[in-house]
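Should a chain be cited, it is by its letter among A, B, C, D and E, assigned in written order, with residues numbered from 1 in that chain.
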Amino acid sequence: MDLLPIWLTLKLAAITTAILLVIGVPLAWWLSAKRSVFKIIIEALITMPLVLPPSVLGFYLLLAFSPQNGLSKWLHNTFDVQLVFSFPGLVLASVIYSLPFMVSPVKSALQQLPVSLAQASYTLGKNPRETFLHVQLPNIKPSLLTATVLTFAHTLGEFGVVLMIGGNIPGVTRVASIAVYDAVEQMDYTSANQYSLVLFAITFIMVMGVFIYNKYQFKSPLE
Amino acid sequence: QTLKVAIAANLQPVMKALQSDFKKKTGITIDAISGSSGNLSNQIKNGAPYDIFMSADAAFPTMLYKQGFSQHQPVFYADGVLVICGINKTAVNNWPSAIQTVAVKKIAIGNPAIAPYGKVAKEALEKLNLFIKVQPKIVFGESISQVNTYITTGAVDAGFTTLSLIRDPSNKTKLNWALVDSKLYTPIRQAMILLRRAEGNKQAIRFYKYLTSSAAKAIFKSYGYHVN
Amino acid sequence: MIKADIKKQLKDGQLLHINKAFVTGSITRVTGPSGAGKTTFLKMLAGLIKPDEGLISVDSNEWFNSAGSINLTPQLRKAGFVFQDYALFPNMTVMQHLKYACGDNDWIDDLLKIGGLDSFTDKKPLHLSGGQQQRLAILRALAIKPNVLLMDEPFSAIDVKTKMKLLADLQTLLRDMNTTVIAVTHNPQELDGIATDELIIGED
Amino acid sequence: MDLLPIWLTLKLAAITTAILLVIGVPLAWWLSAKRSVFKIIIEALITMPLVLPPSVLGFYLLLAFSPQNGLSKWLHNTFDVQLVFSFPGLVLASVIYSLPFMVSPVKSALQQLPVSLAQASYTLGKNPRETFLHVQLPNIKPSLLTATVLTFAHTLGEFGVVLMIGGNIPGVTRVASIAVYDAVEQMDYTSANQYSLVLFAITFIMVMGVFIYNKYQFKSPLE
Amino acid sequence: MIKADIKKQLKDGQLLHINKAFVTGSITRVTGPSGAGKTTFLKMLAGLIKPDEGLISVDSNEWFNSAGSINLTPQLRKAGFVFQDYALFPNMTVMQHLKYACGDNDWIDDLLKIGGLDSFTDKKPLHLSGGQQQRLAILRALAIKPNVLLMDEPFSAIDVKTKMKLLADLQTLLRDMNTTVIAVTHNPQELDGIATDELIIGED
């Protein structure tokens, strides 16, 4: 078994998760506060990758990333960044694809905190940012962990989008899910089975780990 | 950076031999990216970073050439051979009547729109006036590779594929097969092009030339392809 | 002197109208049936709920004025607030609660002694009894040395003996700081002999 | 645009959702009650399709569904049911694939109900089944609706598994997500775009609908 | 006669041990600091929490016996239970609550009158005030005509006037049914003159 696709997948998942922690958590915070119709539309858009066929997402990304496209052309000429059939492109696609896995659980956890927690912090003179960092975020740690692990695992499992905009290039876009597909197509069922088992083992252990941790952890009275 | 060669799915078995032979001769490593000819053409159109495209027909490379993805006309490198193949004997012995029996539940062919081997399989069935009759049994493979998967896992009773599958020494599944009469389909004239980004890439050009060399021809031949 | 003359349409349809002045340093007991709007009134004073119209002023400062579009944030009002559900931070120990609120370690030590929590400084709320949690909520509100202390059912979980001791200590402290106290309670006898004024909300 | 794939997809999603309502809701109930290590393992397994690459699931289903396989052969000989390249096969795959979308939200909603609700029902002499039907289920309606809509929408979006076990048969297994992929591969971007827009519109409207409904509905104090 | 001699290791480490007999038809007031185990005790009587060891018997029936491995389900014990958080069913109207509990329409009408909820029969809990919710919780527990009525802070949200009227009515009713009542309360004066017995849990 060629381990390159496994490493590539882990790298993709790690980078995607890191990016989503940075942009997804503040986004969740923004969404958790007073709702407006505009926010509901944004939230629905964020949820879309959860339900939209990967082939539809892949198709639009292919069009957007294609060098024929103005923005992609400009990116390519200016920064020498090509998005289609490239690792940066996969990262961007994965960020979009896994966004709801980070945003939704964090958002609902924030909404489930009693409002009086933030209010108490305000009456102590603390601004919303301090309140978020010192009061709200520390009290949704289990949800944050769950969101992080599921985001990571879900990115490991990304397939359809990569199939369309990745192109199965070894070491660049040939992630494990594609390697399984490729091995099956090459009738190399031994490799397909090995990749599958590795992926299954990694994701299963992660999911189990989170579940058991969430069961046995010091339970906050808020959940 | 290694060379990236996009290959029509039917070439998968023979490519392994070509890669190792070329590596032995030149020390150059090649990454092969396999798919149906149409799928690969679509990827190339959208910016896939491939150096050479080896199609299962001439139409796709010609289209890419006309659209400016290459500065050179496509070049023929081999002619493919269509076979029908299955795990059980029943489906392939006297296949035109066998596939009409109830013993044959599913027949796989490549998607005619993107896989030239599927296109000729459909053509052969149509010539025999069988296509309409067996249509409810037909399943479409995304490429000839997927057809091979369906055959070797036994998901279908029979499938139309390439002779190189049978000649592939690494294929351990015992297969029963029969040639499809070459009069039933337009010759599968497989062509390739050197893509724009490989322009001036000495290694790419070297492999491109190698593919029409006598050494390569011998390998193609041993996998059942016709070369001249 | 705190003056409040505010109106608020409650979610259940009632109109809450309160017009009352609170003398600086006084202790006002607020009573009234459940759902009358006692908590809502305290939150309007603290800036956590916006009145529909009216005026809130503290000495010469306007905290809220619907005519002049003035509405200070809770951060600027810095009213001490003891929440009905305590609103303790589950992630913080007793000590961290007080340190989050103020930087004065001597003051924190004093508070811990008054609240009888000096031997629980490294406990988180989950490991405190209901009465200890409530005392921590009171101490946290006092930590910012507020001019106005708003308390929502502050003694409901504290048993009688502890309450008496705590009340005595608090009384001295509040007198020293000249804090104006407004305390909601369900128990009409509570704060007898301590409260200097009374506000009844929603009694028909 | 050929509308057959759209109808087929809607049919698949409707049947899958109906089946999952029947098996997923009781399963969620069972999981929501007192937890054991065994239940955690089951729960992790149910969560797997959310994170496992569709190609892995597709690979194993291909092997399992192949008529060469003992069970499939028996099914075939006894009931004349073929799973590979057939609509029943897609239904089964979709049920597995969308299971977590039904089970997880219903389970957490049940767990978030105050335990005293069920206890109150018990002291009135009601058994667990009556309690579930009359007390617990009616009070998690919004979550049940969300789960149903997301299950439906997620099944609409199924791609990788169908790609591997469907065989792209018009009217049988050629669902909309496959039709998009197929059109893109054929460089028929007009059709791809039409299918994509239809799928995007359907899923977006459903997601928005649920979000708005959940915002404006009569809010139960329990959520 | 209800006899309870049970032990339970509480989650916070304390050992709760209660040994007490309740005369049939008596009204026992249970007091004690927050977290002492009052609610836990009531739930053990109702069969909602299992004691670690001991014995609960009602007249000649054993409800729980750790030695003989007897542990009747709450359904079989059918003790009326008024929960501290009311535990009303958000999906049901006042009338549906009572119909869920019992099929006797005359009895339901009587109860609605006693609780003063006869004009709210089609309201769901969300649209009831705190006091009305609490009264509904009491009526629901009475709807099954229980031999034993366990009440956890049953009057905390009811204002004094309403409470007095309700208590008077309840007293007659409970005497007629000869129900044994065990009621937890925080307010030590509550039930003065009504309670016939007292149990103090966890007072040091």
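In this text, a contact is a pair of C-beta atoms (placed from the backbone, for glycine too) under 8 Å apart; a residue touches a chain by one contact, two chains touch by 3 or more.
Chain labels with UniProt names: A, D = Molybdenum transport system permease; C, E = ATP-binding cassette domain-containing protein.
The structure displayed is predicted, hence computed values, not measured ones.
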{"item": "Shared interface partners, meaning chains that touch chain C and chain D", "value": "A, E"}
{"item": "Shortest contact path, chain B to chain E, counted in steps", "value": "2"}
{"item": "Higher-contact pair (C-beta pairs counted), D-E versus A-B", "value": "D-E"}
{"item": "Distance between chain centroids, defined by C-alpha means - chain A, chain E (Å)", "value": "50"}
{"item": "Chain centre separation (chain B, chain D; CA means) in Å", "value": "37"}
{"item": "Between chain B and chain C, centroid-to-centroid distance (C-alpha), Å", "value": "80"}
{"item": "Distance between chain centroids, defined by C-alpha means - chain A, chain C (Å)", "value": "43"}
{"item": "Two or more partner chains touched - positions in chain A", "value": "62, 184, 189"}
{"item": "Junction residues of chain C - those touching two or more other chains", "value": "none"}
{"item": "For chain B, residues that touch 2 or more chains besides their own", "value": "45, 149, 153"}
{"item": "All chain pairs that touch each other", "value": "A-B, A-C, A-D, B-D, C-E, D-E"}
{"item": "Residue ranges of chain A touching chain B (in the complex, touch as defined)", "value": "62, 65-68, 72, 82, 84-86, 167-170, 182, 184-187, 189"}
{"item": "For the chain E and chain C complex, residues of the former touching the latter", "value": "12, 33-35, 127, 129-131, 156-160, 186-189"}
{"item": "Contact set on chain C toward chain A in their complex", "value": "43, 46-48, 73-75, 77-81, 83, 85, 87-91, 100-101, 125-126, 140-141, 143-144"}
{"item": "Footprint of chain A on chain B - complex, ascending", "value": "2, 4, 9, 12, 31, 33-35, 43, 45-49, 143, 145-146, 148-149, 152-153, 171, 173"}
{"item": "Chain A partner contacts - residues on chain D that touch it in the complex", "value": "35, 40-41, 43-45, 47-48, 50-56, 58-60, 62-63, 150, 153-154, 156-160, 163-164, 176-178, 180-181, 184, 189, 192-193, 195-196, 199-200, 203-204, 206-208, 211-212, 215"}
